[in-house]
Amino acid sequence: MDELDIDAVAEVSLDDPVLVEGLPGVGHVGKLAAEHVLEELDEQSTLVRRLYSREFPPQVTVEDGVTELTCAELYAVEVPDGRDLLVLTGDHQAQTNDGHYVLTDAFLDIAEEFGAEEVYALGGVPTGELIDEYAVLGAVNEEPLVEELEELGVEFREDEPAGGIVGVSGLLLGLGTRRGFQGVCLMGETSGYLVDPKSARAVLEVLEDRLGFELEYDSLDERADEMEDVIGKIQEMEQQQQAMDVPSDDDLRYIG
Amino acid sequence: MDELDIDAVAEVSLDDPVLVEGLPGVGHVGKLAAEHVLEELDEQSTLVRRLYSREFPPQVTVEDGVTELTCAELYAVEVPDGRDLLVLTGDHQAQTNDGHYVLTDAFLDIAEEFGAEEVYALGGVPTGELIDEYAVLGAVNEEPLVEELEELGVEFREDEPAGGIVGVSGLLLGLGTRRGFQGVCLMGETSGYLVDPKSARAVLEVLEDRLGFELEYDSLDERADEMEDVIGKIQEMEQQQQAMDVPSDDDLRYIG
Amino acid sequence: MDELDIDAVAEVSLDDPVLVEGLPGVGHVGKLAAEHVLEELDEQSTLVRRLYSREFPPQVTVEDGVTELTCAELYAVEVPDGRDLLVLTGDHQAQTNDGHYVLTDAFLDIAEEFGAEEVYALGGVPTGELIDEYAVLGAVNEEPLVEELEELGVEFREDEPAGGIVGVSGLLLGLGTRRGFQGVCLMGETSGYLVDPKSARAVLEVLEDRLGFELEYDSLDERADEMEDVIGKIQEMEQQQQAMDVPSDDDLRYIG
Amino acid sequence: MDELDIDAVAEVSLDDPVLVEGLPGVGHVGKLAAEHVLEELDEQSTLVRRLYSREFPPQVTVEDGVTELTCAELYAVEVPDGRDLLVLTGDHQAQTNDGHYVLTDAFLDIAEEFGAEEVYALGGVPTGELIDEYAVLGAVNEEPLVEELEELGVEFREDEPAGGIVGVSGLLLGLGTRRGFQGVCLMGETSGYLVDPKSARAVLEVLEDRLGFELEYDSLDERADEMEDVIGKIQEMEQQQQAMDVPSDDDLRYIG
């Protein structure tokens, strides 16, 4: 296999689509969001490309005993009353520094192939504590987009996210700029300890307004309730363990 | 030396052979199994290829003072009443992420060269505790194979192995699919703490039924008895050290 | 994007310029120094080149919500009564061993392009304790330069810096030699725990004498005072925490 | 700079020379040995090649304020009454797995260029405890060499060195075999905690007998006495620290 190996699974012609990226990351917010879009818009979605690469970890996943080689998948989503989508998701990020550059360029190549000129990178930003109000932070690669997104409730804060944006989400904007893509990164606040369906919903609600599609959230909310139960159980356990001590978020461990 | 350097040691024409891989891994199950096949079918086995690569660790092994450059070896095994075998074994896995891809493709190239269209990857799956009944887990790259193997007692469990299958064993199925190989991974349960000849025997007994060869197990059973003694000694020591404490498997360290 | 991707932002013809490097490192001394030069000689400075590379971390910085792909920047600085400067700065070093070689060669290519035949690499050398008198250590790639710099107060000590000079600063001299560049490395002593504007000033004062430009230091001194306050607060805290214990520098953590 | 960059510093025609490698390693035994040969046979030695590579760490050494780019050096040594030598030494090993392959091939290319068909790799083998009698272990890439070296007092032990031989020393034999070089690795026993001139002398005394040159050992013995003093001081310190406890070698740290 070459460094990159792309399977053209199907061809769908989209009308001025936007690339929506949701690979694994903090709180799995981006991945949850992308997969929820595909689940809810199942009828209108078609798997169009599979991308295999030596930059992914050397492994297969196993489902019901059948193996699947690690890859990234792109789905064409035809949205009647909104913008068409090209949704990118998968189980892994690149494993090396320059692998992120290689894969991001490959994703942008495919986006160009489908006529996309805009990119939405979805992810989470860790707050270090459990969250009640799920704010959505924004970053863009063209200054005018700031105001447009603020009108949709996206927050832009000085020096946030502190460390910049790392990995494919960051490079989709960074390399995108150099290739003429308009880029937006939407980051849902999340504790960083847990898979966070609520944060994913917050991000998707902004995206709905921006791109003009509509989703049901029952399945995502169910998933959120399950996580609530998990958190509850953990905190109980800790209260018991720590006798009189007040449990601190630091005691939580990452749970998926 | 190039990234890959293959020595054609001998030529043997095999009749519709299957590639059987047993490189080092959990409990050295795959390696023990592959080497036992070669030991028991010594008469019918011929070393046909040596594969050297920069992807292997930069070292030589030393036996009786004579050095041998790290490599993988492939043996042609002619089985009178069963399927011919192309057995792959060696002392090391690749040392880098994409090295696993490079080596697996090279192994499949050689398999094709010998006319193989099926791959059996042998390995172990760690349970974290000492084992009495050695179950063999399976994974395949074509759904229909599940039932065929279940009839031979191979177990397929939902979401097992949890983390998927990493390294050459996984990629032989993953890349194999893309190259038209039918692939089966047989994983013997093993504690994960010890080299496990019993697990290797469990895996081989499935392979015997599947491919129609027959092996003696005296030497492997002897090796197993030696390991039993080792475990016994460790547990004694720990019981002494820990006074009244009950020894837990966690106290065991990996022993080869 | 290729391994290297250089944007020619502007063209400025310089008169026998020297390359002045200030990438991040110990105490951020080099980076602070280079940025102070650009800040103070703002009028005479022009951004001429941006260098992007897979060797940089795969990330974007975010300022006021707008992303900037990680890169290195070179500024042409025209100095009326002194040597013209080509100032190199950025937010990151290369992330891999050979990435340092790749980037350094690229920087020297650009230096040649602008007619530079001399390189000044600016950095810090860690002492492990807080500093009162800021000595500047030197290293050169041509023996005769030692005496010239000693006359400007630069110190040359046997076997210092102990581990040699690592990264771009070291390679600018090492590779520079092989390409006919005269090279000087100026290293300000710094604790190694803190961003150190005072050390940056000590380095710049040598550079002023050597290259014949003049800077104001108010902004750098303010920054230094802020750091003094930080140190003070830390030491207080520690004195309180440690009751009667005398605080040791080892208790300080790196603060930027 | 390319991956490899070789400077032909001088040309010397040697008579059937042997390549003698002494790069840094356990106890710096190989490096001490190679450098002692060059020091004692100074008159007959000529620096013939400098090899620079991205596989070396990205750094310069600094001596008396002057920088030297990391490299490996090869010296031609004309030995009147013995075999001519091509001595390889330097300050660093490769920094990556396949870098060891790349550099070893480059060293063998140069050896071929000078007509060498034999390689002697010098190094140390760690025993984990301080040593009185300095045995020299051997490994060869052609079985008949075992007996020849045993006659010179070299020891060959089953399964030693346990982990095989890693890095350039191992690959000089491993890759050497594939390129028609006869290869010998001489490993002096050493604690592994300290730079060990005595072990280097033990290795050199074997090499003298084998290749027919003669060295003085005063300077190496002086260095050994200094190390003895260091060991003595450490043990004292530990006896004091540990009151009544008997000091164990494990308490020693690596000291160069």
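Letters A, B, C and D mark the chains as written, and numbering starts fresh at 1 in each.
As a convention for this text, a contact is a pair of C-beta atoms (placed from the backbone, for glycine too) under 8 Å apart; a residue touches a chain by one contact, two chains touch by 3 or more.
Protein identities per chain, from UniProt: A, B, C, D = Proteasome assembly chaperone family protein.
Just so it is clear, the model here is predicted, and its values are computed rather than measured.
Touch-path distance (fewest steps) from chain B to chain C is 2. Counting the residue numbers that touch the partner chain, chain B and chain D have less than half of them in common. Of all chains, the one whose Cα centroid sits at the greatest distance from that of chain B is C.
Rounded to the nearest 5, the angle that brings the Cα atoms of chain C onto chain D is 90°.
Inter-chain centre distance (chain A to chain B, centres taken as mean C-alpha positions): 37 Å. Spacing of chain A relative to chain D, judged by their CA centroids, is 53 angstrom.
Across the assembly, chain A contributes no residue that touches 2 or more other chains.
Of all possible chain pairs, the ones that touch are A-B, A-C, B-D, C-D. The touching residues of chain A, counted against chain C in their complex, run 94, 97-98, 100-102, 104-105, 138-143, 146, 156, 158-161, 163-168, 170-171, 173-175, 177-178, 183, 185.
Put simply, chain C touches chain A in their complex at residues 1, 3, 5, 52, 54-55, 57-70, 95-96.
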